[in-house]
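Worksheet for the structure shown next.
Chain naming follows the written order as A, B, C and D, and within any one chain the residues start at number 1.
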Amino acid sequence: MPDADLKPETLFKYVLRLADDQLILGQRLGEWCGHAPTLEEELALANIGLDLLGQARSLYSYAGEIEGKGQGEDDLAFLRPEREYLNALLVEQPNGDFAVTIVRQVFHAAFMVPFWRTMTASSDETLAAIAAKSLKEVEYHLRHSSEWLIRLGDGTEESHRRSQDALEELWGYASELFEMDALADEMLDCGIAVDAAALKAEWDATVNAVLERASLTRPMDSWSQSGGRSGRHSEHLGHILSELQYMQRTYPGLSW
Amino acid sequence: EEFLAAFQARIDAELKIEPNDPMPAGYRKTLVRQIAQHAHSEIVGMLPEGNWITRAPTLRRKAALLAKVQDEGGHGLYLYSAAETLGVSREELVGQLLSGKAKYSSIFNYPAITWADIGTIGWLVDGAAIMNQIPLCRCSFGPYARAMIRVCKEESFHQRQGYEIMLTLCKGSDEQKAMAQDALDRWWWPSLMMFGPHDADSTHSDQSMAWKIKRFTNDELRQKFIDATVPQAEFLGLTMPDPDLKWNEEKGGYDHGEIDWDEFWRVVKGDGICNRDRMKARRKAHDDNTWVREAALAYAEKTAARETAVAAE
Amino acid sequence: MPDADLKPETLFKYVLRLADDQLILGQRLGEWCGHAPTLEEELALANIGLDLLGQARSLYSYAGEIEGKGQGEDDLAFLRPEREYLNALLVEQPNGDFAVTIVRQVFHAAFMVPFWRTMTASSDETLAAIAAKSLKEVEYHLRHSSEWLIRLGDGTEESHRRSQDALEELWGYASELFEMDALADEMLDCGIAVDAAALKAEWDATVNAVLERASLTRPMDSWSQSGGRSGRHSEHLGHILSELQYMQRTYPGLSW
Amino acid sequence: EEFLAAFQARIDAELKIEPNDPMPAGYRKTLVRQIAQHAHSEIVGMLPEGNWITRAPTLRRKAALLAKVQDEGGHGLYLYSAAETLGVSREELVGQLLSGKAKYSSIFNYPAITWADIGTIGWLVDGAAIMNQIPLCRCSFGPYARAMIRVCKEESFHQRQGYEIMLTLCKGSDEQKAMAQDALDRWWWPSLMMFGPHDADSTHSDQSMAWKIKRFTNDELRQKFIDATVPQAEFLGLTMPDPDLKWNEEKGGYDHGEIDWDEFWRVVKGDGICNRDRMKARRKAHDDNTWVREAALAYAEKTAARETAVAAE
């Protein structure tokens, strides 16, 4: 159970950040449906998308409980304005070609594996339980996407070029994953949160190993973007939301 | 002659034919065509439902829909594998789909334009598919029969899920009820067409029946489907869009109105509202990702070469 | 003023069909903003889009008056469910490449020129006035898009191939423009509507002349699609609406 | 030497320099750079607003926004034409934009994420642009000065339109007011940065002032903008996101807090939230449509050849 001095709003926001990451990335993967490179990959992308949606659902339900105002998973997932979505910018980036989708997944999964592993030791039992279940899932996501990145990097000249381009395109969005702020620090002090900054070394090692096997070059740390955690998004999120929220906005308050 | 008689005797004894067994060329050809068509239908069938994944109204429905579409992809996989046991590669079959040479179920050329269509597709389209497929679990060709057992189990789950969406809508607001009725109005006749032409007009039926690839005629299956579905519609409080539909005590089933076979053939021949969009989507997925498949192949070859080199050291 | 036995619902629906055509095509043209082939064409597409939006606004306002339930242009444009949009399927087809956009525009404008010209003689004074204003606009649209089609057809091998493909892709959607049904017939009998079927000969002559100058081949009349006039759309419309309606659905009842 | 003195004398006499007049290489180069940068800004500036055309909340706003974006394209056209009078082609200038060699106003690397951003862009961004541009109507180079007169007229219409959007939001619901305040919070500082570095850090200023390409310093223009804008914000009932902002009776203007020049330079150097998206969008529009421009050229050549052939008969 959370600390006595912990404000529920703080925990609520922290859990929403996590939930939004998984929802928006799951939504992006859903866009691949019917358009994937092979039938096997069609199934794999759906599988990863389903895992992420499942994680998002557990997290939103928990956030609703913490908030205690009767909001359920759907209220939180569908009925907030854009500026209240707290996902990292990485996950809202467009699918691009398959290389972009795979690089985005490697970046995300290489972060989530140590994140959920550390979170299993959270003093918050609900988060610890979600972490234990999610860890197994993201381990598979990391394995699957890394294998693809190796294949693409070490495949043909075209696939090498496309994957190197994808790396350059997304590189600057990775650093936001490791950002800590007052809210995350407070949660860390309570023993609830993960010190995201401390996961950078493992992420680097994981990504470097994949890049080496893929004969790809690690991009320079010459730029970085953030803002998602405070709801300052790229222009992509609004278009995601116009589809995501369409039914709930058009027919408010109904059961489906 | 003698071989054909012996083959027929095996069929009549309800023995399964396996891939390496000798079989008449016509039997092989019929099966390849039918299994491939079935596989293609699963793949193309992902598109109308896939159209709603980004817009599903709740997270639970979104997850269920994504899982359903994933199952359909899985069915496609088993079925292509079953066809491959007959000596034709998946690439070749997919090539036939993309060139327009191979057919897929015409029902997927109708658009999924409202959320109620997702319910209706599960309820009616999967329902009709199950009617067609349950007898196929006893099909004389072993790999197809076994694939069908697995497919049917999942389809019937999808069918219940679709019906449950309809039930939710029908218990909902007036708008939701109207949405459900509208979807039924649009999908009912096309789903009856899924069973194919009337027996009198059906070309491949007799031989397929003899070979036990088919065990019921189109009209028999259609009748079973109608008889099963009408009470479900009644329970939902929906009206069937067929004024001639009525219970026939004598035959113990429903009589129905005339099916618009002109529309059926128009859509089969490529002139349904979505035929062009479906083929465009499949071709685009194939063409845009050629480089990915090439990369996977190149990598596999490199890896194999490296392993050989290591083994040779 | 409308006939005595004319039901207002009939006129309402007839005007909505017209309004929806112009709105949806205008929305599609708006998607080009910032992505057009040249700066001059950027301005031209915006210009055509603006004309169509303007026509749609006049028509929706009039439809609202006819209905007499206090619905304004925005209520009608933004707050109907998909099945109540009555536009022809042609105008909701995706922009595709520039050739597809141009062919769609030629088809539409070649129909609207004789349509509005005939409508100027409508016994309904409002429609006659809208027609007079719109006629000048669509004459420009027809000229502009025809000139482009000629350039593309008679340009390079690639542009010829792309414009022939675009013709084939959209050909079957043209016939819906000429469809009459009970509603349109009733309006015609009252002297309000245009006999769309009777405009086919002029459309054919216009399009044939352009195709000839463009060295393009008139496609075979081997397929046709309709359904839009009774709200049976392709899957494209739903995605258009999720963007079009987003703000009004999210923030109902506000002034902007 | 003599030529330079004579040129400066013309400038000092407020005579306009026209394209065919002799002019120092530096004058020409400065003008080409500035006019091109200005033209590129108009073109890139279409993107953040273009992002809302499909989602504008009412038909009236949709039409006004589309018209505004169209005006910006038109400004781009005049400005490229003005630059062309100095002997550099539009193709060359566009090439410099797409290669990343030429700059455009950094403000357009911030995203337009809510409808209030559309209001704020009109109010603040066009407002700041006008402050910069009004003196340019008296620029020593004739074609630029004349283009600016037309541009300024339209910009000031856009600025009023943007302010009117803000006024509507600020008279609206709590959500709308919050949306307006949020947009101001995000756009205020970037709009102050539009005037460029402080005079002490500004590299090109002195020579441009002497040549009367520029007539006020960056800080002077920024001060004018702040002084004009603060009362407008007060009228809207919005709070400026600068706790140090306060009226200075002595200088008869507002003092303001420290501008984050690190952010300014980061965004100028390509690391704003949208720099990559903007360039990707422009390059894609260019590359995807190469075939269209080639077709237009081929057609023009064919037509010219035909006309020549006819004339020769």
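One rule holds in what follows: contacts are C-beta pairs under 8 Å (C-beta built on N, C-alpha and C of every residue); 3 or more make two chains touch, one makes a residue touch a chain.
Worth saying up front: this structure is predicted, and the values here are computed from it rather than measured.
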{"item": "Between A-D and A-B, the pair joined by more C-beta contacts", "value": "A-B"}
{"item": "Subunit B-subunit D separation of Cα centroids, rounded to whole Å", "value": "57"}
{"item": "Subunit B and subunit C: spacing of chain centres that average the CA atoms, whole Å", "value": "37"}
{"item": "Per-residue multi-chain contacts in subunit D, two or more chains", "value": "55, 175"}
{"item": "Residues of subunit C engaged with two or more neighbouring chains", "value": "81, 242-243, 246"}
{"item": "Interchain contacts, given as pairs of chains that touch", "value": "A-B, A-C, A-D, B-C, C-D"}
{"item": "Footprint of subunit A on subunit D - complex, ascending", "value": "48, 51, 55, 111-114, 175, 179, 182, 186, 270-271, 273-274, 276-277"}
{"item": "Touching residues on subunit C, where the partner in the complex is subunit D", "value": "23, 27, 30-31, 33-43, 46-47, 49-50, 53-54, 56-57, 60, 73-74, 77-78, 97-98, 150-152, 154-156, 158-159, 162, 243-244, 246-248, 251, 254-256"}
{"item": "Complex contact set, residues of subunit B against subunit A", "value": "43, 46-47, 50, 53-63, 66-67, 69-70, 73-74, 76-77, 80, 115, 165, 168-169, 171-173, 175-176, 281, 284-285, 288-289, 291-299, 302"}
{"item": "Subunit A residues touching subunit D - in the complex, by the definition given at the top", "value": "81-83, 89, 169, 172, 223-225, 227, 232-235, 237-238, 242"}
{"item": "For the subunit C and subunit A complex, residues of the former touching the latter", "value": "81, 239, 241-243, 245-246, 249-250"}
